[in-house]
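For reference, chains read A, B, C, D, E and F in written order, and residue numbers begin at 1 within each chain.
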Amino acid sequence: MKTHQAKRVEITIEAVMQSRLTEALNKAGVTGYTILPVWGGSGRSGNWTRQGQVSRGQGMVQVICIIKPDRLDTLLEAAFAVVERHIGVVSVVDCEVLRAERF
Amino acid sequence: MDQILSLAATNLLSPIILCFVLGVLAALARSDLHFPEAVAKGMSIYLLFAIGFKGGVSVADHGIDLNLGLSLLAGIFLSALLPLIAFAILKALTSLSRLDAAAVAAHYGSISIVTFVAATSVLEASGITSEGYMVAVAAAMEAPAILSALWLISRGGDAEDGARRMDSALLREIMLNGSIVLLVGSFVIGGITGADGMARIESFIVNPFQGVLCLFLLDMGLVAGRGLREGGAVLRPGPLAFGVIMPLVGSSIGLVTALLLGVSTGGTALFMVLSASASYIAVPAAMRVALPEANPSIYLTLSLGVTFPFNLTLGIPLYVAIAQTFGGG
Amino acid sequence: MDQILSLAATNLLSPIILCFVLGVLAALARSDLHFPEAVAKGMSIYLLFAIGFKGGVSVADHGIDLNLGLSLLAGIFLSALLPLIAFAILKALTSLSRLDAAAVAAHYGSISIVTFVAATSVLEASGITSEGYMVAVAAAMEAPAILSALWLISRGGDAEDGARRMDSALLREIMLNGSIVLLVGSFVIGGITGADGMARIESFIVNPFQGVLCLFLLDMGLVAGRGLREGGAVLRPGPLAFGVIMPLVGSSIGLVTALLLGVSTGGTALFMVLSASASYIAVPAAMRVALPEANPSIYLTLSLGVTFPFNLTLGIPLYVAIAQTFGGG
Amino acid sequence: MDQILSLAATNLLSPIILCFVLGVLAALARSDLHFPEAVAKGMSIYLLFAIGFKGGVSVADHGIDLNLGLSLLAGIFLSALLPLIAFAILKALTSLSRLDAAAVAAHYGSISIVTFVAATSVLEASGITSEGYMVAVAAAMEAPAILSALWLISRGGDAEDGARRMDSALLREIMLNGSIVLLVGSFVIGGITGADGMARIESFIVNPFQGVLCLFLLDMGLVAGRGLREGGAVLRPGPLAFGVIMPLVGSSIGLVTALLLGVSTGGTALFMVLSASASYIAVPAAMRVALPEANPSIYLTLSLGVTFPFNLTLGIPLYVAIAQTFGGG
Amino acid sequence: MKTHQAKRVEITIEAVMQSRLTEALNKAGVTGYTILPVWGGSGRSGNWTRQGQVSRGQGMVQVICIIKPDRLDTLLEAAFAVVERHIGVVSVVDCEVLRAERF
Amino acid sequence: MKTHQAKRVEITIEAVMQSRLTEALNKAGVTGYTILPVWGGSGRSGNWTRQGQVSRGQGMVQVICIIKPDRLDTLLEAAFAVVERHIGVVSVVDCEVLRAERF
């Protein structure tokens, strides 16, 4: 089938920063994204898991944006401004999408 | 002294404390026992709703008096003051960085609602009554400490940096965080519906309360124990000592405040408990947003792994006994 | 009229309604208070099970009579009929597309089980009894409206398109959706086990019921409030008016039906409530499958953000008062 | 015989069994009714906590005697022995591979705590008392069967392979798995706090217990029904027959053990139930780690889809009746 | 380690359509996939989140298929027939897998 | 923005094996990963879902590691030793990351 070039950006970020990130994305004109729950993880600041937690202080989410290649830089700059001082990982993968008119 | 010990003994052998201990032991032994996050949150919603509603009904029964307003103001004042004291003690006792010390201080100015709930259980079991509005005081004490701590930072570094950390979005998040809204909301609903409302939902919020508290403390034990296992290593003797000294200092200040206000014995004990306890829900979230560079292992381990168990087991009976000695009627 | 107002006042100040209001306010104020999805679903399972079981036990007590069958048929008929009326009103009042209008219409033919539950609470509090089988009528009214709405579409466009939208998998999903199965299943179990069964689980399904309903309505308020915040903008005056007019029209038709059937005052009120209420569980899911082009913001905001609060606060007391005026004994 | 039939009839028409049947039917009819995983786990935590606590309180009431120790040892012995017998029967009746047979055998040596809970309900409803420590026996029987099954494997293949399958991490996971820790922990807490503790949380763990069990069995029915729909095809007549024969064999061995120990009629019935039931929580997890090549469809379908329903409906009344015939007082 | 070329297809689709999608995949001979829960998202049809929802009408899932490159088109056609009229995103990424015999 | 080459490894594995996998990763010096919950899936061993489950025996998780390309082989060998006898899927994608100093 006919597919179109795009970028898949995956931002793993603390749950408390989610609304700040999506607001920044919206401001940068990125209005399409999907948010996955994260179960746990490990990094330089240690291990964590959501099991039995009531605190919002711990826990992360993964925000996935599929975006046209020429809009990538705008997105990364918006995202970077938010994650800069915070823990989190931003990765970008080349992908192809169906229905390019949606992006 | 005898009385304190006997109250402590009764307290230590209550199902509530034993459930907490079970959780800590299970976590330290690396059992896979755990509560799903949704269940833990569901129980916490239940407890906040029930305690708020009961407080409101009690105020409806006894009427609003001047003391309610004064106690709220005193609570706000305590919550704003305690971080400054905590910060000073931390600077003296530990080598924590300015940021870490401020983050810890914010937790100790704010309150732990489960500690409060456990204390009301102990009071009830001992037949000591307290003012229903104390739950509103608890709600009022959640947030001011965060502002104090951020002020400490802004004073230390450049003021501009401090301002950047506290934007209006964060302020709204802090003031309207879920536990404050639920506590205040159910308090108001309890106040409006009074004894009639209570009659309708009593068998939901009163009867099973102790049992839900048991399971919730089991979960808290699991989380605290896991935190100690993972984060215990970061705690050096200084911070550790702080985790026990600060509740004693806090409760003393709470005691003086309560005596000045002239609240009941139960109310005095609860003022002590609120001042002695450290937040583990609202403040950690605010710290992640405003002070992301502060190390969460330090403040979470201190608050949940040291001070919470201390208050739950030894602190509460001590505060109650002291309140009985000094407190009015 | 006085009676309506006083009933409305009592109703408005019940913990149930106040909890809903708290939820709406918290959502509008953008508090982060929320229930985990699993907890919301767990409460909904509890409420469906309890209400179904109680209905079944009540039928076991009073015996099955002809009216049960007739009422079921009347319910199915109402559910199939109301979408046609709703559709006509929407066409007159609004400029919604054919698809959007049909999707909205499906919601108003079907029922909201929480509205039903809230109404039974109000009846109980007022000491008005109703037929236990009304819960079966509620279950019977869930699905037919969906078929009516799809028929409306197929009549409008080409028939082939209509057929494509309703395949056998969807039909099975609609008829066997979780809430119908749970409601009917627990109704049958209640019917089989009767008073004995009730005695065994009464302290689970009767005593805490009101309290769980409070928390559930708090969650509904949060969801409705968030929906209003996000989707409120899409609602123009026409659809908004429909959200208040349709329950009045629906309840009138429900009233006539109930009077023709000769059910009790409580049964009459419940027929009105069922006809007045709009689905927010089963129908939205079916619409996403069958009418994906219809805008969910419109039907969800109308059903959950306008009609549900209207029925909960003003509608129910109104319907009960009217049923008392017209209804038999 | 008459008595068995009448007990079976009463049992079959209890809300508990009917809820299970509803779940199975809903799953077979492919309804989308389901419980969120967190709710299912929450209910399971509640049931384990309640049953453990009640057992502990009952031991506190009646005092610890020699029989407690002997019964624990007997339970461990049964759990270790039954897999060997199950394995022999499987080898005779079926053509399962050595690995699959060992995995199934492990399940039947271990126990199903819900079957145990359902049996205590039936006993209570029939006014038959049992030893409170039977819940500790249940906990003691969870793990040894796994070791037996792994020994069977290591004996068959090369010993080195057997050792590789059982490392110390797995041993710890098995001995400290969540359900054992919760059961034993709450049993000890119940034992320590005794009647006082019970008075504090009775309205949480006693009153709603039957109702929660209903909903939990509804969920078990859904899971079992879905398992039958997906995995039923893999079950050939041989394994299927095993699923009914093994509980009869197991319960006979449990009966003999109980008679030798001289426990009460209720205790005898529970020994039979424990021996007859098959694990569906702890053992499947251990098998996935230690015997990943064994087919989970076989052991899960047998344990949850065949033996569990058999015990729940016919087995329990049969065992109770036999215990009444043979049992002491 | 030795790895093998494959395609990673990620289909974000409404939860109500999940069974229809997986049935279509099965019919097309695609029997290996993993389903991730989705927490929330944003797109042309607005924001949504699963918080506090009891309705099945809202909510999405992510279906991830790892597949041999030569089977990609079959998969995409089967998926497209289902998502065509519905909201949802289909993206494809080149990947490498261990244990190619499993795909 | 300036990005850096990396590999995104996605390991879908049974939940009961999670701690064994992360321990093996830690031993191999891989201390950064994110764990996603998995809702259900299908493969040669049939369909499964987490709905209503209390058993830990069923259920999977997805472990995602972003790693420097030159460390990929170490990671794959450590992961393979754990998944070898178990069901599960390991896939690798080329990606680019912000903040390379973190990996």
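As a convention for this text, contacts are C-beta pairs under 8 Å (C-beta built on N, C-alpha and C of every residue); 3 or more make two chains touch, one makes a residue touch a chain.
Since this is a predicted model, take the numbers as computed values, not measurements.
Among the remaining chains, none touches subunit D as well as subunit F.
Listed here as common contacts of subunit A and subunit B: no chain. The chain with its C-alpha centre at the largest distance from the centre of subunit E is B. Because subunit E and subunit F carry the same sequence, their contact can be compared by residue number, and under half of the numbers here are used by both. When chain centres are defined as mean Cα coordinates, F lies farthest from subunit C.
Its C-alpha atoms fitted onto subunit E, subunit A is found rotated by 120°, rounded in steps of 5.
Here the spacing of subunit B and subunit D, counted between their Cα centres, is 41 Å.
In terms of their C-alpha centroids, the spacing between subunit A and subunit D amounts to 45 Å. Our note on geometry: subunit A versus subunit F, Cα centroid distance of 18 Å, whole angstroms.
Shown for subunit A are the residues in touch with two or more other chains, namely 36-37, 56, 93-94.
Residues of subunit C found to touch two or more other chains are 32, 34-39, 41-42, 177-178, 203, 207-208. Touching pairs of chains, sorted by label, consist of A-B, A-E, A-F, B-C, B-D, C-D, C-E, D-F, E-F. Interface residues of subunit E, counted against subunit F in their complex, comprise 1, 3, 6, 8, 22, 26, 31-37, 61, 66, 93-99, 102. Only residues 13-15, 18-19, 22, 25-26, 29-39, 42, 125, 203, 207-212, 214-215, 218 of subunit D touch subunit C when the two sit together in their complex. On subunit C, the positions that touch subunit D within their shared complex are 36-39, 41-42, 45-46, 49, 53, 172-173, 176-178, 181-182, 185-186, 188-189, 192-193, 197, 200-201, 203-205, 207-208. Every residue of subunit B that touches subunit A in the complex is listed here, in rising order: 34-37, 40-41, 44, 169, 177, 219, 222-223, 230-231, 280-281, 283-285, 287-289, 292-293, 295-297, 300.
Of all the residues in subunit F, the ones that touch subunit E in their complex are 10, 12, 36-44, 49, 60, 62, 73, 76-77, 79-80, 83, 89-94.
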